[in-house]
Structure formats: C-alpha cells, structure tokens
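One structure is given below, encoded as structure tokens.
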C-alpha cells in the first residue's frame, strides 16, 4: 500500500463534497485516514479536511487521486503544473489533463492562474511567459502547444450548492414535473428580470417547435424587449420563423388553426429560395421582405445569432454555418460572458451548448420530453433547472409574467 | 371454397369502410367478388356495395364474416338474431356475440331494435317480450339471460368520419403535439361552449396532477360555471383538493412556491382523518370545514361525482367506492346521456371511462405522456382528440378561453 | 430565537446524512452550531455529531425538528414516546406522528421497541402492556388505539448507502438506460441466485405486458424453478395468461406472429367466462382446463398470489379481490418477510407495492417508460434499481442468465 | 365555380387512395362528381375512377389539384411538363413543383420519363435533350437549370399497401410496443436474410447507444457476415467503438460491468487523439492499433461508411465530414440502390436518412423512445416498421436469429 496526503477546503458538508470524496475512495477500493477535520460551525463558515489516501500501488493511487482532483483535492504543498508539448496538430501528449466544467486554476511559476473559457472534457494549454492558461478543444491544439499533464499544480473549485432562498434556487439541479407550472413560470420570470437589472447576459437556445407550437411571438417579444443577448439555433427555427412572416404557416401548418394549408409543404422551400434570392436573412429584413418575427427582431435590435447546420437541413439559409466545427467555435465565442442560458425544445443544440458552458452559468431547460430534460440538467450543476412542459404554453406565459413584473416595478 | 353474399351501405369510401373491408378479406386469406357497387356521386350521397365473400370452409368463412360484421356487413335478407340462455351467473353460452362500441341493432321478431348502453367488449341480452336489447358486462349476466349468439340479425353502424369543418373536427382521431397549443385550446373552448349552449352534457375525468400542477382552481371554476355535469375520479384528486383547502398544499407541496412544506407529508393523512371525522366530503363542505375547491364546487352546485378506489389509496375518503366493480357500475350510470368527456392527466380512470363509452361521445384527452394519449385516442373513434401537454398550463388557459368566449357572445 | 440540542450517530458522511441535516436547517431558515463532531476515521467507523439547532419560535423550531427527525436526529436524553387515544375509528389524534419507510424505534417505559411492519406515511400504535409498537394505515385505526404523537421518544435509522462492491449495488438508487443491458441482466441474475441460496424471499409484481410481449413463459419458468415466493398482480395478467393457455392469444393477438387473430377480441371474455364456469383459477388448473403458464405454475407449486381489482377490469376472475382496501391488506400480508421485489411493467401495482415496503427491501423495477421507472426508484432507497427496457426481451434474458449461473455452479 | 376532370388508376380502394381523394376535396371545400368508376372485382384487379372536381375559382381549384396530384391524379389528356429557368444558383422559379417520396414521372416531348433519385420536398430538373429528369435539393440548383413548374405533365404513383402475408408486412406502417418482441425480432431476421439472398442491399444508421448498451459486437458481426452494405453514422458511434477497442470502455463506462472507470472520461479524447496521430480510422485499423469492432469490420470488409459531423462532436475523427451539406450529399450517394434501412437508436441521423429515401425502401426503426419511432415511421410509407425497444437487447437477439436462420437453411 502506498499513500499520499491531500486536503480539501470549502463548504465540504453542505455542498456534499466530503461524502462524495469518501464514497469515491471506497468505491475505488482505496482506504483513507482523516488526519484533521475542522467543520464550519455556522452558516457561512468553511470546513477543512486533511486526509491520507491509500492505494494498492502507484497506478491505483493515481487513479483515485485523478478522481479526487475533480472534487477539489489539493496536494498540501503545491508544486507548479507540469506541461508537455503537443507532438502534432490535434494530437495530445501522454497523460494530458482533462478538464471539468468547474472553475480551475493552474500553478505557473508559483502563482495560481485561472484557466480561461473553462468547459467540460477539454485540455489546458499554458503560456508561461504571459502567465495565462486556456481551455482548448482537441481540434484547437497546435503542434508545440504546452499542454498540462497530470493533476499536479491544478486546482478545481467544485460548485457550492446555493442556499435555497428563492423558488428558482430551490429547483436547482432538479427536473420539475407535476409542479404548479404557472407559479414555476413566475419564479423564472423574476429571476430573468432580476438578472437583466443587474446587467446579466442571457442566451437563448431554441428549436423549431418554438415556431410550430405558437411560442414564436413570445420569443420575438423577449428579443425586442432586450431579454435575449444572443440566440443560438439552427436552420429550421429561422426557416419556419420566416415562413410564418411570409406565409403565416410553420412547416405548412396554419398556426391560427393548427391545420395544414393546401400546397403548404412548398412554403419552407419557397421561403429559403426567397431569402437566398434576397441575399440572406439580414438583407431580407432590411429590404422589407421579412417584417416581423424572431429573426426580424434579432436583426433590428442587433442581437447576434449563431445558426449551426445539421444534416437534416433543407437549403440552408445563407447565414447558416454548415461546417459544424466552425459553428461550434462561433457558439463558444457567442457564449462568452453569458450568465444564463434558456434552452427551448432543442435537444441537439442544447446538448452542444451545455458542453460549452462552465458550471456557474444558470441554465433553464424546457422540453416536453422528460428524458431530454433529465439529460440536460444532469450535468453536476446546481445551477441547472429543468421543466417538463409544452413550450407552446410555457413561453407565452413566461413573457406575460415578465411584462407583469416590469409593470409592477414601474 | 364456400361463399356468402353480404352488403354494405353508407359512406363507404370517405369513412374508409370499403378499403378496410377488402383489406380484411385478403389479410384473412379470403377472396371477394364485387357484384354491385354504386358510389355516392356527391358529398351527401351514400354508397352501396354488394359482394360475394369466399372462404376455405365454413369455419374460415365464419371468421371472416365475424370481422366484416364489425364494419357494418349485413346479410341481404335479414333473419332474426339467435339467442341462447346463460347457463349460470357470469357464464356465457357458446358462440356469444361480443360488441363493438358502435351503435348496434338486433333483429327481434322481424324488427330492428337498438341495443341500449352500447360499449366495447360486452354481450347483448334481449328481452323479446318488451322488444328490448341491452349491452351487458359479463358480471351483469344472470343465469337464464337470453344472450345473442352469432352475428345473424345483428347490425353495426360504423362511425362516419365527420367533415373537417372546425379545428376540433380536424383534429379528430389524432394526437397533437408540436401544434400551436394556445390556438388548439381556443378551438376546444369553442366546442365546449357550443356543446353546452345546445344542452349537451360533459363529464370530466381528472387525476391528482390537476391538484399538483395548479390546474385545480380552473377545474373548480368550470364546475361552478356549469361546464361540468359529472366528475369521475379517485381518492387522490379529492384528498389533495381538500388538502389544498385545509393546508394550502398538495401532497405536502406549497402550490404557490412549488416547494415542500416542513411536516407537509402529514397533511394528506390529516386531511383524510378530518374528513372522516366530519362524516364525509359532503358534510365537511356543509359544516364549513372545506370552503373552496373542486369537491366544494361539486357539492355546492349539485354536480354528481364518482370516486373509484384503487390499491394505491390512503384512507380512503368516505365517499370513495372501494369495490371496483361497484365503482365501475356507478361510473357507467353517471356516463348515461353524456356527450363529451374531458380526460385530464389520469391514465387508469381514463382507460376505464374510455371502455364505457360508445364511439359517438366526443373525447378530449390531455396528458404530458404521449404514450398515454395515444393509447386513449387510438380506439377507433373519429371523435377522440388527444393533446400532449402540461395540464397545469392547459386547464387555466382553457378556462380563460371559455370565459373570453362567454364575454364576446354576451 | 429558541434552541434545542440534538445528536446524530452513524455513517453521517458517507451515507450523506450530515449534509442533508445542515441543508435542511438552512433551507428552513434555521441556524445551527455544531458542538461536537467526531468523524469516523476509517471505513467502518461511525461518526457522531452533536449540535444546537435554533428556530424563531417554538413552532418554527418544531417544524425543523420534525424534518431532522426523519434523518435520525435524537434528543440526547431520551424520554418515552407520547401517545393519545384515537377519538374514533379512522380518526387520528392531533399531532399524530407519521412514519417513514426506515427502521423505527419507539421508547416505551424506558425501552426502545422496534415498530413492526414499518412503511411510509402511516402512524404508530403502541401496546404498552405487551411492549409492542405497530405501523398502521389510517383505515386500520380503531377508536381508543394509542397513537404516537410528536417526535419525542421516536428514533429513525436512516438507510446506509451500501458499498458499491457489486454491479447490483453500484446501480442502487439509479435508473439505468444507455447501459450494457445484457451485462446488467447478468448482474441481476447473480443477485437473485445468491439471495435465494441464502434463503431470501422474492416477490414479483407483474403487469399484462408480460403476457403481450412474450415474457410470460420466462416468468412461468421462474415460478416453477422456485425463484418467486409470491406473485402480486391484477386481473389482466391472469386473464391473458390463461387466454394464452386456452387460445394461444394475448388480448386476441397471436404471440407467435404478433398479429390479431380473427374473432380474437372474444377470447379474453370467453376465458373469464370459462374460468368462472370452472369455479375459479385453482379449479381450472386442477380440472386440467388450464395446463401451463404463470397461474398454472403458481397453483402447482403452491406459490401464493394476490390479484387486486381495478376499475379497468373485465369480469373479473373469481380470485380477484374487488375491494381495493381488502386487496391492499392481503398484499401487505403477502409481503411479510420479503427481501426482494421485482416489478415488471406494472405502474399501478408497483407503486402500491412500493408504498407497502420498508426501505430495506431490494427492489428491481423494469419498465419501458423512463418516467415510471424514475417514479418507482426515487423513493429515498439505495436498495432500488431501475432499468428502462423492454420486458419482452428482459425477462427471457434474465431467466436464461439464471439458468446459466445454476449450471455453472452445479 | 370552375371544374376540371381528373382520373385515377390503381389499387384505389385497398391502398386507401380514393377515400383520401374524396376527403381531401371536401376538406378543402371543393365538390366532386364521379363520372366513371370501375372497381377491381378481384384481388389483383386495378380500379379506375374519373371525376369532375369543382373549386370556387382558378386559385382554389389549383390548390385542390396540387394536393390530388400527390395521390396520383392525372389530367386525362396528358400534356408535357412545364419548366422554367432557375434565376440564380439556389433560387427557384415561381410555381416550382415540389416532390413527394413516391415514384414520379414527367412528360417530356410526349414521353413519360421517371425522375431519378426521387425523395421528399425537392424539385425536379429536366434535361430535355437527353430525356432525363432529376430530383434535386435546393442547394444543388444552378442558374439556368430547367425546373418543373406546376403539376401538368407530372405523374405520381402512390404506394400500394402490400398484402399482409408475412409478419413483417403486417407490421408495415405501424409502431410496435407491447408485442411479442422476440418473435418480432425473428420476423425481421427472416426478412433480412431473404432480402440478402435475393441480392438486396442494406444500409444501417446507428447512434452511439449501440456502443453504450452493448449492441456493438452484434453490429460488428452483421458487418463481418455481409448483412450491412453501407453504414451511416456520426462521430460518436465511431469514437466509442474505437474507445471500446482501445480501452474496453464506452464514454468511460466499462461495458462488462456498466460502471464508470476511474479516469474514464479521458478515454474518448485519448481515442480521438490517437486515431488522429495514426492518420485516421483506416490507417488505425491497417496499422493494427484498432483490432476489432464496428469500424474495424467496415475497413476489413470494404463496407463503405459515411460519418456526418454535428455540433456536439468532440474531435472529430479525421473521416468525419464536418460540412453538413457535403455529408448529406455523401449520404445520398451511399443510399443509391439501397433496398432496406435499419435505424438503430439515432434520431438525428435517422431523420436525415429518412428524408433521403424514396417510399419504396423498407425501413426498420428501433428506438427506446416511442416519440422518435413514431416520427420516423409516420412518413406515409407502408414499408416502414417501428419497434419501441432497447437496442442493447434487440440487436444481439437479431444477430442470433439471423445466425439461426442461416444454420437452419444450411
């Protein structure tokens, strides 16, 4: 048996860190001996734990420490992070360190430097000269990049579970169904208004069901009123939004009656053809061809949008980025400085966006499929809440609640 | 090969009957020869078909004719129905005829008599003296009852597909998701108001999610305003409705915040105990213990209700019928003369009610689980529509739409 | 502010109890001061915590303590439990104590007595003379019963999270989908064989999908081979099982081809009528009418079964208990001494059974609907595992794995 | 009112065409008068109908005829198709004809020419010199292409409903759940073996759940044994398949135990990095780095594969086509001459592939989510069957059934 000493500091009990640490050691067939434990005696006090972890051999102990590391384990006397050169573009050195989506620091020349753009399942590249550390996707790695290897000199701050003082916080980390939906909607509306009042930034990820279910005018309203700072979506949302502006149908269905219109299956292709003829969405709005809707409000209010292509797409519209790696890069850029993401009936895009976000961004996920909501919420973040409901009733109700709060406070 | 001649009359083409007839014959390895066919030339014209059906032998041909019978096949020269005595209580004679949920006539002494209380998967008992025919469950059969055997002298009128002139009719037989929900709600509201204006009667089947999701006040309002003629449910809906009246919680959750209340898991047991102490729901309302809600409105407005027991029940409340066969009988009685049924987030009760209804009753089924909605709608009726949505947003929206229509027409 | 001292003992950290204690206090707006904390230094060491809990007033503090109580909080110097007489049949005294599904002790005349038949959401009746305490449903309460009130002198042992040494334990408390299904099946098979080898007792709860999906022969085999000690189900499972024996169809569908058989919708009514004529299931087996299947194996191998009625039932069969409260009582009796429950595609019965079980019984829940599985597993027990899969493929595979393990060990 | 005469020929009754024609006319507020109707008197006889359709005005009648056209309506005296030049790349002339996924013919210089590569929601480009007609996506349109406008001179052959002689045909157009799963699997296995024996070609669309659920070895086996002619998938399936070859894990989970492996979340990134270092999948197989699995069998057996990129992708692997429009084109090419498609737990790719297929290709769709299966099957084709089940149990069972059939016939 070999051993190593590690320490933990923070809200070890009420953020459920210490239990997971001990669990993990035992599940991996390790042993522990707690050498020091100071519990925070009151609400805001931090706790501190120091323990010796035992493994069968160096490899086994290393595996345990790798996992403990994600929970914030630190070697008491910190050393600098180790790095190795990437042998080629998109090729990683052995033993590369893989990131979590929690705030992370690397020790460079004796100083703790925060890793920029942190996100799940990437690697860390350091620039020792400028004392900088970046979180990079595999396809961003260039030959010669200095990639962090091993856990030494890397420190992760696991998320603290927020006090459940508001309904919003109470729902954190959970999927809600069989709840009083309209009151849940009100709580979310408050959270949004509050966040915007404090200068926060909101991204919306939306799927084409927003058009089909009649939630589109509410989303257009939220954009017009300044509640959306960036829109992330795909070709379909934009096509059917503009189809609604041009033909009053969404995928050929009249949204006032819910009935297909004769010849309606031509509408979305016609829509794409006309936008292409106009020179793109922006020009179609500027020329007056498109006079209302989600894309119209984005253009008119300078709200940036990223439309990522998929193999299902018809057309696509000129603004759609058909190279997925380029689209992902644009999405990552657009999400910089975002404090909240609202995911509306869009599995593919929501998962992609979820992978790009640090655990500290508030996430609201709305979908009628419980499995989709669970998948999106279940990413280890206390900041994600899920609501299993119909976006066609949810979004208009949300927008109405936001307007009511605005009025009440005016 | 042996053969028999059968005839069909009605909207054979546009109600999709003839295609199903030919399908069936061929699927069952039979043959046919159409000897006469007069197609309805215009909208309201009926069609007529006469054909010879061939089978391998008497048994095979019998099997084919049994199935054709359900689609309205008649033997050209009708004979009287054959009957046999039930050998014992709840025991059927060989060859008993099993019913569909479509209007059905039996020929007694040369006259076509409509079967009363028609419903799926039951048998027909005739009273030749009084020229009456009744549709009975197996457990209603008494020794000596004259049970119809074979298909001779029995005539089924398969449902005509209604013209899709309203949104409501358009949705008939379909499950709706990814539709403009709030417009669908408006169409249903119109249909309800119209039906009540014409003296129609509406039954509501509701599960406890109506309480949990905050839809309860809307249902109470609909009862108060006369839109509900009978309520069919179970113990849980009533318990949590009264729990809301007494404690403001539903299964211990505060419906204003969606959060569990400390000690809240005692509330539903406390509720049941107090209602039992008061002598039942009716007395609890009359004594002032219960001052609002679904059950309160039922009592105050003399809207009858049937609460059927289940093995999940706590308590139960005194008005709950714990014998399921007795409960089923009461439900059947309560559904007499009903023209529309609204099923709200209640699988068990909705399926039970669905089994009790003839195909001519309009059915609206709302549930967040697509599989439940599909199961309920998929009963061969053009009169059933399904909406996959959240009852917590749906029902308040429906009630609001009803009130708006009322105002507009006032 | 007022305060009270409480203590906790056990695996406070690794069974996640202390975090939930502190969470709860803060979520309820209370405060705490930890006065003593001894952490278990190694694997098998227990921890001990003593803390002062603060509330705004007596009522507030009482609410907090009620909730802490469920997590095992004890007043350091224990007093006897307080009791009050039930004022009437099925009516509880004020302040009645409501149970959890965890092992519970009450202090009677200075001694800790374990509560018999513990289960969720019931009350405790004590017999001081015989030093006994019973967990009772509301409808079992008789006027004059001594019902425990308040938390004083009541001690709950919250469940310890088992070490994840086997695949089975690893899955504890989780719902599995996107897992290597056939290996998960093997792990469950091992657990079952092991449990039976050690004299454990297994209950199976099964819905009619077991018949429809072709899993019925596997269940019959498990009964024949002694892996099922009691079967809990409803009318439908038994009807279609016997329909398969008599006609080879399940609800009129030929299970070899998956196709409906002409005239097949008569089969289940015919089946019920014939079993009634025979005098019940038992006599139908003994007379040779029914020669194979689930019910046949139960009768032949003296495996007791409880068939509980529901309002959906046709017939029902004579052995079906149509009074749900009586059925529930029989189910509770049948579950005495059971160590494992396997729930197969049966939501209503599974929830009812889940409510009757203490947290210490191992539960395996199999259903194709993720929402059902989540609902069943999510009852605070580490002993419940859920698998989202098709029972028609799962059960034959399980039976095959069991037979392979038997052979290997033979 | 204005009128036009149209005619229909084929299995108008038993393929349900005439009912839909009359429905459609009336639903669109038109009128009809049937002037001639000859019904097919026996099994293989075609029917013929001639009718006058009335509309309010030219536009209204045009709308009706557009929809009738999709059901095979022909103008009795056929004229040549009309064409117009595409005004620009990806821009369509007014009145462009939009395709169905049914076999379609255009009349060029008095001759009926079949449209090549027919598929849903595209346009037809004709080459009058070479008497050719091509079905094209919008993004394949070049300025000056001769695009068909209007319905004149275009003939659609609506699908005939196959006789339900096999279990496979019986299930056509339906989603199966609560069916005897293992017998359904056997029926599909027979169909596959039969199709291959007759020289048919099979495409498989597979999602990463095939790796996670342990179905991967079965798919690899089917490729090795020649049952797969082309594989359509994305980055994830290939990454986790190779991760299994290199590390024995799928997304870090040990597939023998279903448990995550310490450090396992690095495996998929490590896998990608190593394949990139090797120069791609093909070279990784040839160099011996990858020695078994799905991709290995594809390479070794020269089975072509198309891996289409998505915004969720890590890496991606070098063979992944990151431009979605290019990927779609490759998929379309790969599907040429395919007779059957098996879709395995892959919504995005399955929908994309579904859009590329004519209605005549047999489609088997397997997913655990009923909504996904319904969406994929519900495309108007009698050739699509859906099975709601767990791919982890389904695919091994399918492969086993195929091997058994092989042996039996050997």
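To keep things simple, chains are lettered A, B, C and D as they appear, and every chain counts its residues starting from 1.
The criterion applied here is as follows: a residue touches a chain if its C-beta (ideal position, glycine included) is under 8 Å from a C-beta of that chain, and two chains touch if they have at least 3 such contacts.
Values in this document were obtained by computation on a predicted structure and should not be read as measured data.
Engineer: Check every other chain and keep only those touching both chain C and chain D; list them.
Structural biologist: Shared contacts of chain C and chain D: A, B.
Engineer: Compute the centre of every chain as the mean of its C-alpha atoms, then state which one is farthest from the centre of chain A.
Structural biologist: Here the answer is chain B, farthest from chain A.
Engineer: Report which interface contains more C-beta contacts, comparing B-C against A-B.
Structural biologist: Contact tally favours B-C.
Engineer: When the centre of a chain is set as the mean of its C-alpha atoms, what distance in Å lies between chain B and chain D?
Structural biologist: Centre-to-centre distance between chain B and chain D: 38 Å.
Engineer: Measuring from the mean C-alpha position of chain B to the mean C-alpha position of chain C, what distance in angstrom results?
Structural biologist: Here the centre of chain C sits 33 Å away from the centre of chain B.
Engineer: Centroid of chain A to centroid of chain B, CA atoms only: how many Å?
Structural biologist: Between these chains, centre-to-centre, one finds 45 Å.
Engineer: Would you pick out the residues of chain B that each touch at least 2 other chains?
Structural biologist: In chain B, residues 164, 170, 177, 371 touch at least two other chains, as defined above.
Engineer: Quick one: which bits of chain C touch chain A in the complex? Just the residue numbers, please.
Structural biologist: My answer: residues 13-16, 18-19, 22-23, 26-27, 31-34, 37, 39, 41-43, 161, 163-164, 170, 177, 370-371, 374.
Engineer: Could you please specify the touching residues of chain D with respect to chain C in the complex?
Structural biologist: 164, 167, 170-171, 176-184, 187, 209, 212-214, 250, 253, 255-259, 368, 388-390, 392-394, 396-397
Engineer: Name, in rising order, each residue of chain A that touches chain D in their complex.
Structural biologist: Checking each residue of chain A against chain D gives 28, 63-64, 66-67, 87-88, 90-92, 96, 98, 121, 123, 137-139, 262-263, 265-266, 268-270, 272-273, 276-277, 308-316, 322-328, 331, 347-349, 351-352, 355, 369, 371.
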